[in-house]
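The following pair of complexes shares a single chain, chain A, combined with chain B in the former and chain C in the latter.
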Partner chain A sequence: MRASIGLSFRLAWRNIWRQKRRTWLTALAMIFSNMLLVFMIALQLGSYDMMIENSLRIFSGQMQIQHEGYHESQKMRLAVDDISLLAAEIRTQFPAAKVAARAFAFALVSSEGRSFAMQIAGVEPEQEAGISTLPGLLESGRYLAGSDAAEMVIGSIAARNLGVATGDELTFLGTGKDGSFAAAVVTVVGVFDSGATELDRGLAEIPLAYFQDVFSMGGSGHVVAVSVPDLRRVPAMLKSLQGVAGSKNSLLVLDWDVLMPGLKQAIQADMTSAWFMYAVLIVLVAFSVLNTQLMSVLERTREFGVIMALGIMPRQLALLVLLETFLMALLGLLLGVLLGGLVASYFSHAGFAYPGMEELTDKFNLPSVMYPKVSLVSLLMGPVVVFVFCLLAAIYPSLKLYSLRPVAAMRAV
Partner chain B sequence: MRLGVVAVSTLAWRNLWRNYRRTMIMLLAISVGVWAMIFMTAVLRGMVDNMVTQALDTLPGYVQIHAPNYLDDPSVTHSLPAPDPSLLQVLGDPLVAAWTSRVKVPAMISSEYENRGVTLIGVDPEGEQALGFDIHDITQGRFLVGANDRGLVIGRKLLQRLDTRLGKRIVIMSQDPGNSIADRGFRIVGVFRADLESREENIVYAGRSVVQTMLGMGSEVSEIAVRGHDYRHPQVLADKIQAETDARVSSWLELDPYLSTMMRVMDGFVLVWMVVVFLALSFGLVNTLMMAVFERIREIGLMQALGMRPSAIVYQFLLESLLLLLLGLLAGNLLAVTTIYVLRDGIDLSGVAQGLEMMGAASVMYPVLQWPDLVLANVVVIVLGIATSLLPAWRAARYLPVEAIARTS
Partner chain C sequence: MAAISCVDLCKYYQQGDAVIKGLDHVSLEIEQGSFVCLSGPSGSGKTTLLNAIGGLDKLDSGKISIDGERVDQLGKAALADLRLHSIGFVFQAYNLIPVLSARENVEFVMQVQGVSASERKQRAFRILAEVGLQGMEDRRPAQLSGGQQQRVAVARAIVSQPKLVLADEPTANLDSASLEKLMARFRELNKLHRITFLIATHDERVMSWAERRIGMEDGRVIHDALQAPV
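This part shows the complex of A and B:
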């Protein structure tokens, strides 16, 4: 006797509703976990995206071309020659990309009353806004204008510590690329407030040409920062840039992974600990399914005995039990994804705030309101794993059917 | 008919094992759940402890005393006089484990080719070690000896960044109280390592008196760092010191808002985690008990017909559930404590070291079992477990004896 597929499905569907309450409770366990997984994963992916985006957009950019060894040691003499020309060349070759050349030095910056060591960045004023959000985050004054003006923009904390405002003068004192004495007097034209403490406290920007002049850099600089509109296009862009940089001596192209190794690892560490927790939930749901299906097999011992006496093979019965589990798990999957998706979409519009966690989110360049990211991946990643483990949990109950002896089974209570 | 406690317990215990497969699966689920509650909590606590240890060694101390404006503007102009007798007296209090005074100013360090911004700390070497500086962290050379030591101790990373080495001379520049640039050459006499790279890069140690002379600040200091005995409650210590001084006394909870928020959030998260795990368990628990009730409808009817009170039936099912929970808890607790014991030497997470550094944690994690967490996990499971068992137990007691006996299955 062979049951058709349609018949098997109908049989399995009817079987799971013979114990309504039990089936619903088991399905509820799945729905609960699925909702939780969908929401949490959407929230995680959303905040990771934002964390990467915000961290890169403040200053560093997605990719940088540097002299070999500069990233590790940041030695001033490991410079890229004719850096503005290189940046211009990339700009013409890849019109979609934003490109900005920069040079860096540390110097002692002094106002009338205070002195602090700060990182001085030489930037191309008209290109900088394409890479970095700092030019748009001025709390007072304006951004740098001319490429060789003696002007400076500094962070808000530095401005407070130095006791200066827009229009005041600062002197700075450092060492040039050739080891010579580098000193200059500049006017503060703007103060930026990025919310990133490190930049607000320790970064000052001056025009690149002026920087090259003061620090005896010639035409050289240290970094060409490159960003493309979409983070997913970084690997392709990286390859093209390597083509360009490869023709020059000892230049390297680094992507954000290398520039900010902490970022990806923080995400990995967070993802790992989250998956440990998800795994616990999933295993508990699987136990629930195992229990339900084992009970449902054991209470039907007599019935199965009769059916087997009529010539049905254990294999077919095992398939029936798996099919029942499949339907139950599918119910849990669909309702869980639906409800979880609704919750996640609601928050993806309304925003989700951790109460009182501003200090934590600041540290990772996150706003205090997060937006879960609803996508096929965030909707299905968790529930599909739950689904698979529920099916695996039904294997043991199904295997029990192979040891069933029809005559003994029919006599069972 | 009144059944004694012993009889009800015996009944509950035997009933529990009538369907031993179901009970075993449920037991397994409860133990895994309880294990996860306790173990995960211990790992999270360990991580926060790790961050706190790092932070307290970096700050250092549980409480710090500064001039009123120093925290907003960490400049040499906002200095404190050396401790006066009344302050010295409170620093001698048994609540204080150790204290030291330090000069701490922003400075620029220059080698032959490179410049870096750093925090220059003028220390009393003995006091600094009492506050938590570990002498074993010196990887080359030596630590300072006395407040008059003319040497300089810098971090491994900074040494590399400055392209210099042990024994070389470097120059440090900072401002004096009159905002003239004060500079001085130092010989690097020691190199230290730290769990957090940012410390290796940003902090340099010199003798306190040497820095005071260089900056022309007499006997004034920037901060007095105080270590107590219980880092979880620094406020008591802070209040006690505040009573004796006009300077600003801050506990580390104020000095490091990131960590204090982290600790607060963690308490909430631990509870949420335990409840979520319990909820995932509860569906199975209710299911198991429901099944047990349905299977036994006829005998429940019979017992009621023989005079057993409904309340006795409720008790019996609750007791059955309680026994199940207790067994699960026992196994889960043992499993968790064993896991934590096995991992007492730490979990090595150096693969994501830089990510953890962003969070302020070092890369070896030690699970920390805190008794309140263990108790909390057990209370959550027992209280919520009994609460969820009430419904099936109550249903069992509600059947009319005649109907129940008449049921066929």
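This part shows the complex of A and C:
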């Protein structure tokens, strides 16, 4: 054990196969749990991607160019000049990206009998569908058509609260960028139902040019929303946009992480609760290993006594037991990752759905199947934790060897 | 200087209300290069004495020295080191590692001693041939007879040519021819390398090879005499 690793490995490997059935049962517990963990984590990561994608697709986009300080204070005067030109420039430079300019203001929106404070968004109707799913989520009417028409789409809850439907008129009252009085009468041309209460209750969209006119914005706006086809390309695109924004005064590029901190927190909370469930599985496997190795040590007491009599230290025997556990856990890890990877890969292509999922996802305009995300993280995160816990579980049986006395051990049956 | 010095060794076991005397005030000295047999009936204290000298068992009182080093005062690590490098054990039961082949069992101790793989292999093959196990090197203990297993255990004990060999009934499962061959090998190692042999046995044929015979009964030395070996 001191000089040659070869014989130690051979000894450890042969030792674990002394009780084939017991070793296989323990290894199968590891393989099954690793397989399950790989699939569950891949599914979880896939669903997070879907959740992020769909949350960002509803309205915000993956990235936004804003004036410094706008994200924190939402002040109208912190505007981006010539925002449509900037959006067009980005569209030209990055043809694969979807780009839409927007402006925002808070206003009191009134129907005949009721008034509510809402956020009014000025949008480019022809570009908005590339960034946001709202144009496709209309429960009645149509989306905005002209760039300077006096028309509005509002959320389903706001429509109910205001008591209006498609074709009705609304008046909104706010403050322009220059502090002037901003007011207009618009026709409701569509009502959207995104499933996101906050949007359905508090957001109304009007054409950007009309917004700029009513709110005295000139050519300015507040946000250029940008999305790329694949979420993994966001960091690279972010850098490119920083290059573009850096050439203008006081502009910032923010990604979804900053724009929607709640989304990340929701994912972290979900991950934490999932890990509680995984922890139960991992602890059960660890106890199975503890049981196996404890039995294995106890039934070899006599043999360990002889080995100690030959001059081997308990520390070296403990290392042997740890090595045996290492090999068994490695077997569980390799086979578990392999099988779990195959299952996850299959579903990452075929998609995974469970009964009742379709109804739920339809309601929120989400895909009806989930696609597990096969990556190094999903393949290894769970199995490596199982592996470490299995090694930790072998510490107690290993420590028992320190209390052995050669003569007493050699008398053991 | 004596290879082994035992002074007033006492070891008692409690069995219910009765106290069993494993060693009862045993004192003896064994010179370096001696070939000594411990004889006596079962329970006379032969194995207890061997275990005490080998540092496998703690004494209730008394002093044991090997080459002037107080064995009874050594810590666990030092005792393990002493057993690894200076003492070869042959146990009453064969006590081989069941998952290792005959050769690997013989190599095991050498490996821990840090002997190179090629030398280990060479020495293991040679010693197994000497104890009559040529061609059986790759057999596991379960594939060997009791006598063959005992010969592997002997080979394991002497392959590193320790200063002292403590053997507890080493020939218990050997036929006469193998016994003679093994004892001749012990004697040869004893003569050539001045390895001290202390052999506990019931067998008169083994005792006849010894140059000194120590008789034990009820944990005491009752007879200690030199004799002319075979």
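Brief remarks follow.
Please note the rule applied: the second predicted complex is superposed on the first by the 256 of 413 C-alpha atoms of A that agree within 3 Å, B and C clash if a C-alpha of one lies under 4 Å from a C-alpha of the other, contacts with A are read in each partner's own complex, and residues count from 1 in each chain.
Methods note: contacts are C-beta pairs under 8 Å (C-beta built on N, C-alpha and C of every residue); 3 or more make two chains touch, one makes a residue touch a chain.
Bear in mind that the values here come from a model prediction, so they are computed numbers and not experimental data.
More residues of chain A are touched by B (comparison of chain B with chain C).
Legend: residue contacts after superposition of the two complexes on their common chain; A:Ser220 is shown touching neither chain B nor chain C.
Once the two complexes are laid over each other on the shared chain, residue contacts for A:Ser348 go to neither chain B nor chain C. In the overlay built on the shared chain, the residue A:Gln293 is in contact with neither chain B nor chain C. By the document's definition of touching, of the two partners only chain C reaches A:Glu303; chain B does not.
Once chain A of one complex is fitted onto chain A of the other, the partner contacts of A:Gly311 are limited to chain C, with no touch recorded for chain B. Contact with neither chain B nor chain C is seen for A:Gln127 once the two complexes are overlaid on the shared chain. In the superposed model, A:Pro406 lies in contact with chain C only, and not with chain B. Contacts of A:Gln62 after superposition: neither chain B nor chain C is touched.
Of the two partner chains placed around the shared chain by superposition, chain C is the only one that A:Leu11 touches, whereas chain B remains out of contact.
Chain contact summary for the complex, chain B toward chain A: residues 21-22, 25-26, 28-29, 32-33, 36, 40, 43, 72-75, 77, 106-110, 112-118, 160-161, 163, 173-175, 179, 181, 257-258, 260-262, 264-265, 273, 276-277, 279-281, 283-284, 286-288, 290-291, 349, 351-360. Here chain A touches chain B in the complex through residues 21-22, 25-26, 28-29, 32-33, 36, 73-77, 105-108, 110, 112-119, 160-161, 173-175, 179, 202, 261-269, 272-273, 276-277, 280-281, 283-285, 287-288, 290-292, 294-295, 298, 354, 356-360, 362-364, going by the rule given at the top. The residues of chain C lying in touch with chain A in their complex are 51, 54, 56-57, 76-77, 80-85, 87, 89, 91, 95, 97-100, 104, 107-109, 111-117, 156. Chain A meets chain C in the complex at residues 1-4, 6-7, 10-11, 14-15, 18, 302-303, 306-314, 316, 405-407, 410.
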